[in-house]
Structure formats: C-alpha cells, structure tokens
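Alright, structures below, take your time with them.
After this come two complexes, each holding subunit A, first together with subunit B and then together with subunit C.
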Partner chain A sequence: MEREDRLFFAKLHPGVLLIYFLCVIGLTMFSFHPLFSLLSFLGGLVFLGFLLSHRQWLRYFFIDLLMILVIAVTNPLFSHYGVTVLFYLFDNPVTLESVFYGLNMAVMLVSVMVWFTCFGKIIAADQFLYLCGGSLPKTALTLTMAMKFIPQFQKQAVRIANAQKALGVYNDSSKKDKLKNQLRIFSTLLTDALENAVITAQSMRSRGFGTQKRSNYAAYRWRHSDFAFLAVFLLVLCGILFSLSFPELHFSFYPTIAKFQVTPVAIVAFCCFAAVVFLPFIIEVKGNLKWKFLMSRI
Partner chain B sequence: MEIFNVKDLTFTYPGCASPTLNKISFSVQTGEFIVICGETGCGKTTLLKMLKPQLTPRGQVSGSVVYCGKAIDENEKVTAGSIGFVQQNPRQQIVADKVYKELAFGLENQNTDPVLMKRKIAEIVNWFGIESSLHKSVDTLSGGSCQLLNLAAVMVLSPKVIILDEPTAGLDPIAAERLMSTLRRLNRELNITIILTEHHLDAVLNGADRLMAMEKGEILCFDRPKVVFSQLRNHKLHHVLPAATQIFYGLEQTGDSPISVKEGHAFIANRYKNEKKSISVPQTDIRSMPVIQMKNIYFRYEKHGKDILKGANLSVNAGECFALLGANGSGKSTLFGLLSGIFKPYSGKIRLHGKVACLSQYPTDLFVHDTVLEDFKEIADLLKADDKILDTLIDTLQIRHLLSRHPFDLSGGEQQKCALVKVLLTSPQILLLDEPTTGIDAFSKLALSDWMHRLQAAGITIVMATHDIDFAAEHADRCGMLFDGEMIGIDTANRFFSQNRYYTTSAHIMTQDLFENAVTNKDVIKLCLENGVKS
Partner chain C sequence: MKKSFLKYLILFFMLPLVVIGGSYLFRDRQFVFLLVCVTLISFLPFFLSFEKRSHREEKIVLLAVMVALSVVGRVLFFMLPSFKPVTAIVILTGMYLGAESGFLCGALSALLSNFFFGQGGFTVFQMLGWGMIGVFAGLLSVILKKNRPVLLLFAAFSGFLYSMIVDLWTVISIDNSLNLARYLTLLAAALPTTIIYVISNVLFMLALAGPIGRKLNRVIEKYEI
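Entry: the complex of A and B
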C-alpha cells in the first residue's frame, strides 16, 4: 500500500507518528471513560475524513455505527450485572448498567479500529520497517526481503500453474487431483525459490553484506517541527496521565453507573485529551487554510 | 594501469577430475571493455567468479589473481565495493522491495554515513535517470529495468570495474540494447573497466576493446575483435560472430573483417555486383489444411481492464512453422494462453484441429521431481504411454546422459530439451514454443533449430513466439506480428522480412538497397556468389 504523503500530518517523522498513534490508541483502550471513548471516536473519525473519499467515509461511518449497535446490544444479553433491571428476556434480566457498559465498550473498540485505520494509511510498511531498522536491523532487513519476495512468489505461482495446466496431462476433476496439482506447483515453486535464494545471497555477499556493522538509510530527517510536536505532545500526555490518577476519572458502571463528576482536574483532562485526538484534524485544517491563503496571494 | 593480472590460474571444482580453468593467464588495463565468449560450460562464469573474491567458489586453486597490484583476496572490504558483479537473472539479484532501498543496500553494508549515503544515491539516480521509479516496488519493474537497477545498485559503491555474467540473456532486444548502451556510457564517460560474457556478439561488440574466446577452460585467443574473428573463422565458435563477419567469411574472404552493418554494407557494395537482385525462394507446397483458426479474437484479463487482443485473426496450416513476432507486452503469451486453453476469449472463435502443447519460456516451470527421469516417468504413467515412446524421444533429443541429473542443475539449453520431452510425451499435433531462444547459447540454438525441423518433418505444427528476428527468418515458414492487439503482416518469412525496413534481419538491413529479398546470411552469400566480384 502506498503511503498518504499529501497530508500535512503525515509529513512528521515516522517515529513521532508511531509514538502519537500508540499513545492515542493506548489511552482510548485503558482510560475506559465514556467521554474519552467518545472524544477519541470523533477525533479519529474527523481525521479519517481527510484520508478517505466522501463516499468511502460515509460507508465507513455507517459500518462503525452498525458495529457499535451490535456490540451494545450483545453485551446486556450476556452480562446481567447491575441493579436497574429494564425488563426480562427469556427469564434473564436486562440491566441499564450493562447496556451502557456495552455502549461504552463498543465506542471504545470502534474508535481503536478507526485509529488503526488512520495508522495504516499514514504509516505504510516502509516507514514501519525504517523505524525497526535502528533497533532491529536484521529483522527489518529480513522483513524487507520478505516483502520483495511475496509478490514475486505469487507471480511465479501463477506462471507455473499455467505452464503445468497447459501441458494438459494433469487431471483436475476431483478434489484429490486438485490437491495433487497444488502440491506439484508448490514443489516446483519451492525448488525455484531455493535456487533464487542462492542468487540473492550471492548478490548480497558481492555487495559486502556481513563484512561489518551496517548503517541504515535515513529516508526521513528529524526536523524542528518534529521536536516541537513531540515536546508539546509529551507535555499534554503527562498531564492526562497525571489526571488519570485522580478518582474522579475512574468511571465505573457496576453495580450502578457512577456519577459523572465535573471537577477542575477532570475538565483539564478532557480538554487535554480532546486536544490530543483532534490534533491531526487541526493540523490538517490549518495546513489547508494556509495553502488557500498562499494561493490567494498569487 | 593494470587492474587485473591473472597468472597460471587453474581451478578444479571439488569432486571433478579435470580442471574447469586450466592455466589461464591474461591482464586487463583500467578502462578496457572486454567481452568473453564461449560455449556453455567452457568456464566463463567460473573465470568471472575468480575475479570477485566474495563469489569465488570452493575448490582447488593454483596460480594467482592480482587486483590493482595486490593479491585479490587480501582486502574483502575494499573489493566488495570496488569490484561490481551483475549476474544473469535480473529479478533474483534484487534484495529489497523498493528501488531506493535496493540502491541503499550496498552502502548500508559499508556502514556509510546516512548523509553521504543520500548524496551517493542522488548522484546515481541522476546519472541513470531513474528518479521517477525511486519509490516504486521492484515487482512493478520490467526485466530490463530490474537489470538496470542491479547495475545502478553496484554503481553506488563507486566500483573501478564491473563484471557482468550474461547480463542480457533473459532480456528482449530493446532492453538488452538499453543495458549495453548504458555499459558503453559507463565505460566511456566514467572510465569504468567492464568485463562481460555474452552469447550474442552482435549486440555487444560495438564499444568492445578486446574479445576473449574460451574453450574447455582455456583461452583460445584474446585480442582485438577483428583479430579474434579471423582465428575463429573455421572454429565451431563462428556461429556467435556478427552477421557481417559471418557473411565475410562465408564468401571466403581474408583480411580485416567487417563487424557492423555499416561496414558490412560497404564491403558488399564495393566488392560485389548487384545485377541479379532477388533470390528465388523455393515455394513451399501449399498445405491449405489449417489446424489453428482464430477469428476476431477479443480478450482482456479484467472486466474493466484494457483489451489485450482486439480482433486478432490467425490461421496456421498443418505442418508449418509459424513465427509470432512482436514487442514485449504485445500479447504473444496471452495468445498462447488462449491457444492452450488457459484463457477464453470474450468474443471470437478459436478452432483447433489437434492436441496443443505449450513449452514455456521458463522450462523449469514444468519440472516437479528430483531427477529428469522421474519427471518423465510421471507423465508417461499418467498417459499410460509405452516406454518405447519415451526411449525414442530421449534418443532423438540426445539427453540420455542427463536422466539422473536434477533438472535445475542443467544448462538453459539442456533444460529446454528435457522440458520438450515432457511436452512431446503428450503427443501433441500443435506445439507452441514461447521465446525458445531466450537464455540459451548459440549452440543450443543450433540444436533447437535442428529438432524443430525434425518435429516438423514428423508432421507437428510449430508456432513460436520470439524476439529473435534472425532465428525466425532462418527457420520459420511464415511470420506475423502482433501489434496493437491485432495480427499484422502475415506472410512467408522471406516476404515478411524483405518488406520490412527496420524490423528485420541485419543481413537484410545491410543489403536492402543492393538486393531485393536477401534476408538471411545464406541468402546474401548466395546472391553475392551468383553476381560475382566487380571487375
């Protein structure tokens, strides 16, 4: 998959992006606070608006709503905790608390999904490997080679299958025959792959692989904006983590739904979290406005 | 300055009785362009690998290889970069998934500083003009582009010398010429020493300083191309000579031979009369029994994809050899897929009279077992064929000595013959050959034409898809070209090539303003002899 590099947010260093996404996804999952879940869901969704076409986004949005509904309905059918019984279904109580618990869980899960979609669109395998390259150089190289190998393997498989089919000898009427044919193709493919691996190894060796410590190609440079972003982000993150240690941000559904507490600490935490999840959206809007402004001056 | 000095180099592979290289001595100067030719198995590849310590095979070595004044195996770190090596298979040599990563690979191995690395890559990308494909996945590149990438990936390491082992073997003529012209530029503009082995001397000799002919692990001669040619004139290696040179020796001339088309034309025009302009082509008896009839074939791979074939018509008669020509991606393989029933056209009719079998461009695709014989036996059992049929086939193609070998260990020509036996066991009446001349040497090509004629004599119809114009001109009865989804110019080989001005044989290009229909080297020689020498 090609990377979305026309986005302003994606221009940040992949390392910064990785930290950002991991933190947002982590916070969403472990805060387990309804407002956090909701904010995260909305933040992810508006950012996704820049990554998908309108039609794709709408479809995505409806699928999300549907999933939320399904999970929210499923939870009370299996979980009967809580004291406020709404009604009985097949002699089992359906409680208000478990309905809300399910709803919160659903929003949380779906927003994690949304963020992973953004993550996949912004950080392609390439950047991911680049990030591994520093700490796990051998793993990164192996994965890079695997990614070159897979499409080549697929093409070869089709070619070999066609060549053997064109021979017109092998039966493919029964399932057993089909399996045999697959094995035959696989056997050829494997020998071919081993043969190719020898050539690749020679090519690596002849270009000095294994003679000394390797360096890593720096496809991305750390810019001032990366450091600035990271500093601000980490500061806000510390604030959120600190406020999460206060009891008013520990929300519980069982046995009764906790009271929604609005204290100064909570307000700071909500604002900080909102700032974090809407950050990509804000950067994008700001970039677009600046672009329009620059264009209007030409 | 001397870059390589090889003295009395003898090399024996473990378990081999006779040495693969026998007392080889030669030296190479900086900035030379050297071409090595010889039959498959003559030790060319082994010799090249002896010049690259990272690839030197295990075995018994005596003698010495000196690189820039020092023993070659002295400093592995230096030779990894300063001696570049490019092999035959374009795709298999690539390590990374993206073009820029492939270019960075060698520099990363040398622990190059990232800032310097980027600059070196930028230089190479600009020199090769491949900026547009920098972020592409390597699997989207064509074979020719892959080979250029391999060359570029070696060039980033600032080598003094580049060694290439049959770099154009699997490429079509246009991609091959592009690679060769890049090599000539490297040699002329950057003074990089080039040593390469090659089967098709026509393409490489332009720009070569010296030519080495090898036979059975020894150097036959090593000198300027013209001098080497004069020594090869009666040797069996004379098949690898360029068309102009072959015509020159075919006319029993002595002295400096012409090499290029230009020189060939000058030689014929100055020396021979051209009163008789055309050669009489023996009329092949018209066998109007078509075994393949394709009418208005339309085909595409995907519903919304573009048409590969747009109303292609083709009819091939029983017992003839038809050559299907056309550029890469013109749909030759697709047409074969349709004929062998792998694909179905969405419009149009295909009528086949007789069983079709297809020999793929990659013969190894057909091998499943560990020995050639097991592979044959499997097919024979499936078809409940008589052992006698298999025996006769093995004898006709002279591959009895290969039966116990692993199919992947054979040379390109041998693999082709073994795959052919497998295909022929199905007793087809129509044989499709996909690029039969790619990746095999000049001698296997002779063997190929030989068995093709024998199959034809046995009544088998042959359709071959090929880039090899000279081969088609000499051995096909009729030719046609796939262009823009249609079959065009279907005619007898002689008329097809004599009416083309550019897409034709070197022999015809050389003589098209002197003679009307001299298409092959033999035609030119015959016409020259009939016309006689100018007084």
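Entry: the complex of A and C
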C-alpha cells in the first residue's frame, strides 16, 4: 500500500503511469507471441529489482519459475490439441504442442503478475482516485470517503474491543467464542459508523454539497518530462499496434508449432515492445547514473 | 446537454469498435480481450447513472460506509482465509439501498480492497461477481426482506455464483476459450474454498441480517433516504 516514490520512474504524472501500466499489461495479456511474453517477463523482473530488496526479489523470482513449471507441466492434462504425441497418460495424449503452449502461457501469466506487482508499488489508491476525480467525481468521492473510513474503523474496532475486554465480555478460549467476539465488535462498529455517516452527510449538505461542480485539489502537475514520455510511448505503442495487424506477429501452437518468422515488421515490433517494457528500467538506471555523476562533482 | 450526448455516443460506438478492432489486433487471444473489455464497458452505465442522478448526501456517505465496512471485514477476519463478510454486506446494501448501490458497493469493495491485497486481472471479475450479487439483491429486495430462509438461500447461492465467475476468468485467461475439463477441475479444486464461502455467507447473514437490517432501516426511515 505504501507508495514507492523515491524512484525516478514514479515521479512521472500518475496519469502517464496508469496509461503505461495498463498498456503494458494489456499487450502482455492479449498478444500471445512467445517473444513478447519473454520480453515482458524480463522487463518487469528487472524493474521489480528496484522495488524489492535482493532477498525479496530472489524469492519472487523462484516462485515465478516454480509457477511457470507447474503450469507448463499441467497444461497437457487439460488440452489435447496438437499432432506430436509424446506419450499417453490415462488414455489421453500428451502432446509437445500443448507443453509449449503451457510454457508460453505460464510466462505470460507470470509476467502479468509481475507487472501488477509493480503497478501496486507505484500507483497507490489515492493517485487512482485523483485520476478518476475528473470524470467520475461522485464515485471518486465515495471511494475517498471509504478510504478515510477504513483506518478510522480499524482504530474504532480496537477501541471497542478494549472496552469490551474491560467490561468482561471478552472470551477467546475457543474458535467459536473468538468469532462471536468479532461479530459483536463488528455490530457495535456498524451502529457507530451509521450514526457518524448521517452526521457527515448533514454537515456536507449544510456546506452546500451538490450546488456546484466539485473542484479538486491537483497535487500533480504535468511537466515537460511527462509530455515527452507520453509522446514517445504513444508513438511506440502505435507502432506495436500497427505491426500486430500483420500475420507475422501471430504465433500459433496448434495443430503444429508455427515457424518463428523474422521479417522486417516483426523485428520492428520486437524492438518497439522491448523498448516499452525496458523503459522504466532504463529511466531508473539513467537517473541513478546521473545522480552518481552529479554527486561525484561536488 | 452536448456533453452527455457525446458520452452516450462514445458508449454506443465504443463497444463495436473495441470488439472489431481488438479481435483483429489480438487474434490469438481475442476471447480474453473481449471478455475483459465487454465486462469493463458493462460497468460504465452503472457508474454513469450514479454520477448523473442527484442523490441525498446520506446515500453517498452510507454507501461509503458499507464499502469501508466490507473492506475492513476482509481485513478483520484475516485469520480465517476465505471466511469474509463482504458478500453479506453487499447483499444487505443491495437490499436496503437499492440495486444500483448494491452494484457499486460490490464493485468498489473489490476494487478498493485489492489495493491492499494486490490487484490483478481477477479484480475485474471480482467486481463483476460482487456487483452482480448486489444487483440481484436489490432486485429481489422485497422477497429477501420478508423471508429469512430465502435470504439465507440467496446468500449461499451467492457463494457459488462468486466462485463460478472468478474461476471462469481463470479458465478463459489460460485457454482463450471455455475449456470445460479445466473449468470443472478448477471448480472441484476450489470446492473447499467455495464451501467456506457458502458457510461464511450464511453465517454472516444470520449474524448481520438482523442488526445491519434494523440499523439501516432505522437510518433510512428516520432521515428519509
């Protein structure tokens, strides 16, 4: 939940970051080319290196590899397409194509997971709300209020629990009692919350809620670097989308594994996609080098 | 006027445009792409009508309270995995505040709580699952309010529905089609979790329907929401 804002990449405007993450996750999820999956996996993983400690990163990496292995091995049990039969298991054919399909899919799924982890570390709920505030003001207001209520309710729940303990109605000898306790706390919390909600609403009305369009506090400014990043990114994105209309970028596994086609269009598409997924990593490395260089001159 | 007209025009053309363009560009995964896009676009009318209609302030704040309660509930019962009050709260919101609020409570709870528990492609389908449960609860509110056994049955059924919707995403995201063998295997593998969902929904409904119902009813009647 705590946002990682010491990164150079995270200093971009949240709108730019949201567009970037959604496009990368979308391209990874919906284009099914093995090289795209692999590039996306590597790009996400090297960027995640800046977000996690070495130990966390290594653990994450091994969990990913394990997941890839498990999905690739189990896929032939569920899909029997493909013509190259390796052997029969419980009267069902296990095909080479299905193993490779599983492998590609596993890399794709894991890279989507990696990118979502980066997304969660870079974009926190409040920035997301800041972005919806413009087009969906009421929804954003509801979510903002809910977000404010969450820590408030958690603190209130602790207070209620302490009060009940002091009153002697607390008993945690069995699981059933524990559950009953939680429910009692929850019920008390609710009464309190609803009363407070009405007071908040009355206070909102007395201050003229709904009489005018809501203004919002813009904590984020568009800088030149945001425009530059967005322009370059959209240009490259258009290149990728355009190249996706060519048949070379569509790789089929069934019935036989397609030949890996290397045409000029495909090379351009691969380079563009690699540029997109390694962009955060490059920005980070460049920023760090610049920082070190400037520090060395002091 | 002009702006809202533009909004509907965009909505009207967005669906075919996304369907045709997406299925051409993402030929190998068109089913997954369409599933995500059509689901997201189907949320839009709910959000837009919520934005447009003028509500009493109380309704917005109550909705925020219910969303926060379901998120806190998900955190409060962290020691019992899958044993969460979210579905029960969404159903009660739908029943007392209407189908639209039920949808918003379900969808927003999923979205917001995943900022704590981790986002993923499944967020969209959790939003759909809980949102649908809220809508159904709102539509059936007359029966559900009167008849306690039907309410409990509905809560139990919601557990199955939720599990089936989220697993549907898992299968389609893997196979790009509804691979029935994998779907059934997943449903069978998730059966213990689904049973916990069903039991927890019924138990939470038993425990919360009385107090939440009474309290919401009281507030709604007192302040004419």
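We adopt the following convention: the second predicted complex is superposed on the first by the 270 of 298 C-alpha atoms of A that agree within 3 Å, B and C clash if a C-alpha of one lies under 4 Å from a C-alpha of the other, contacts with A are read in each partner's own complex, and residues count from 1 in each chain.
Going forward, a contact is a pair of C-beta atoms (placed from the backbone, for glycine too) under 8 Å apart; a residue touches a chain by one contact, two chains touch by 3 or more.
The model shown is predicted, which means the values in this text are computed figures rather than measured ones.
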(message) Applying the document's definition of touch, where does A:Phe119 land relative to subunit B and subunit C: first, second, both, or neither?
(response) second
(request) Please work out whether A:Phe251 is in contact with subunit B alone, subunit C alone, both, or neither, and reply first, second, both or neither. (result) second
(request) With the two complexes superposed on chain A, say which partner A:Leu136 touches: subunit B (first), subunit C (second), both, or neither. (result) second
(message) I'd like to know which partner A:Met29 touches here: subunit B for first, subunit C for second, both or neither.
(response) second
(request) Based on the superposed arrangement, let me know which partner A:Gly168 touches: subunit B (first), subunit C (second), both, or neither? (result) first
(message) According to the stated criteria, A:Phe209 is in contact with first (subunit B), second (subunit C), both, or neither; which is it?
(response) both
(request) Please indicate which partner A:Val99 is in contact with in the superposed arrangement: first for subunit B, second for subunit C, both, or neither. (result) neither
(message) Of the two partners subunit B and subunit C, which one touches more residues belonging to subunit A?
(response) C
(request) Classify the contacts of A:Met147 with the two partner chains as first (subunit B alone), second (subunit C alone), both, or neither. (result) both
(request) Identify the partner contact of A:Ala269: answer first if only subunit B is touched, second if only subunit C is, both if each is, neither if none is. (result) neither
(message) Using the superposition on chain A as set up above, list the residues of subunit A that contact both subunit B and subunit C.
(response) 145, 147, 187, 191, 195, 200, 202, 204-205, 209-210
(request) Going by the contact rule at the top, pick out the subunit B residues touching subunit A in the complex. (result) 52, 54-55, 76-77, 80-81, 84-85, 87, 89, 91-98, 100-101, 104-115, 117-118, 121, 137-139, 150, 153-154, 157, 336-337, 340-342, 355-358, 360, 362, 364-369, 379, 382-383, 408, 422-423, 425-426, 432
(message) Taking the touch rule as given, give the residues of subunit A at its contact with subunit B in the complex, in rising order.
(response) 126, 144-145, 147-148, 151-152, 155, 159-160, 162-170, 184, 187-188, 191-192, 195-196, 199-200, 202-219
(request) Would you mind writing out the residues of subunit C in touch with subunit A in their complex? (result) 22, 24-29, 32-33, 36, 47, 50-51, 54-58, 60-65, 67-69, 71-73, 75-77, 85, 104, 108, 111-112, 115-116, 118-121, 173-176, 179, 181-182, 185, 207-208, 211-212, 215-216, 219, 223
(request) Mind listing the subunit A positions that touch subunit C in their complex? (result) 1, 25, 29-33, 71, 75, 78-79, 105, 109, 112-113, 116-117, 119-120, 124-125, 128, 136-139, 141-143, 145-147, 149-150, 153-154, 157, 182-183, 185-187, 189-191, 193-195, 197-198, 200-202, 204-205, 209-210, 241, 244-245, 250-252
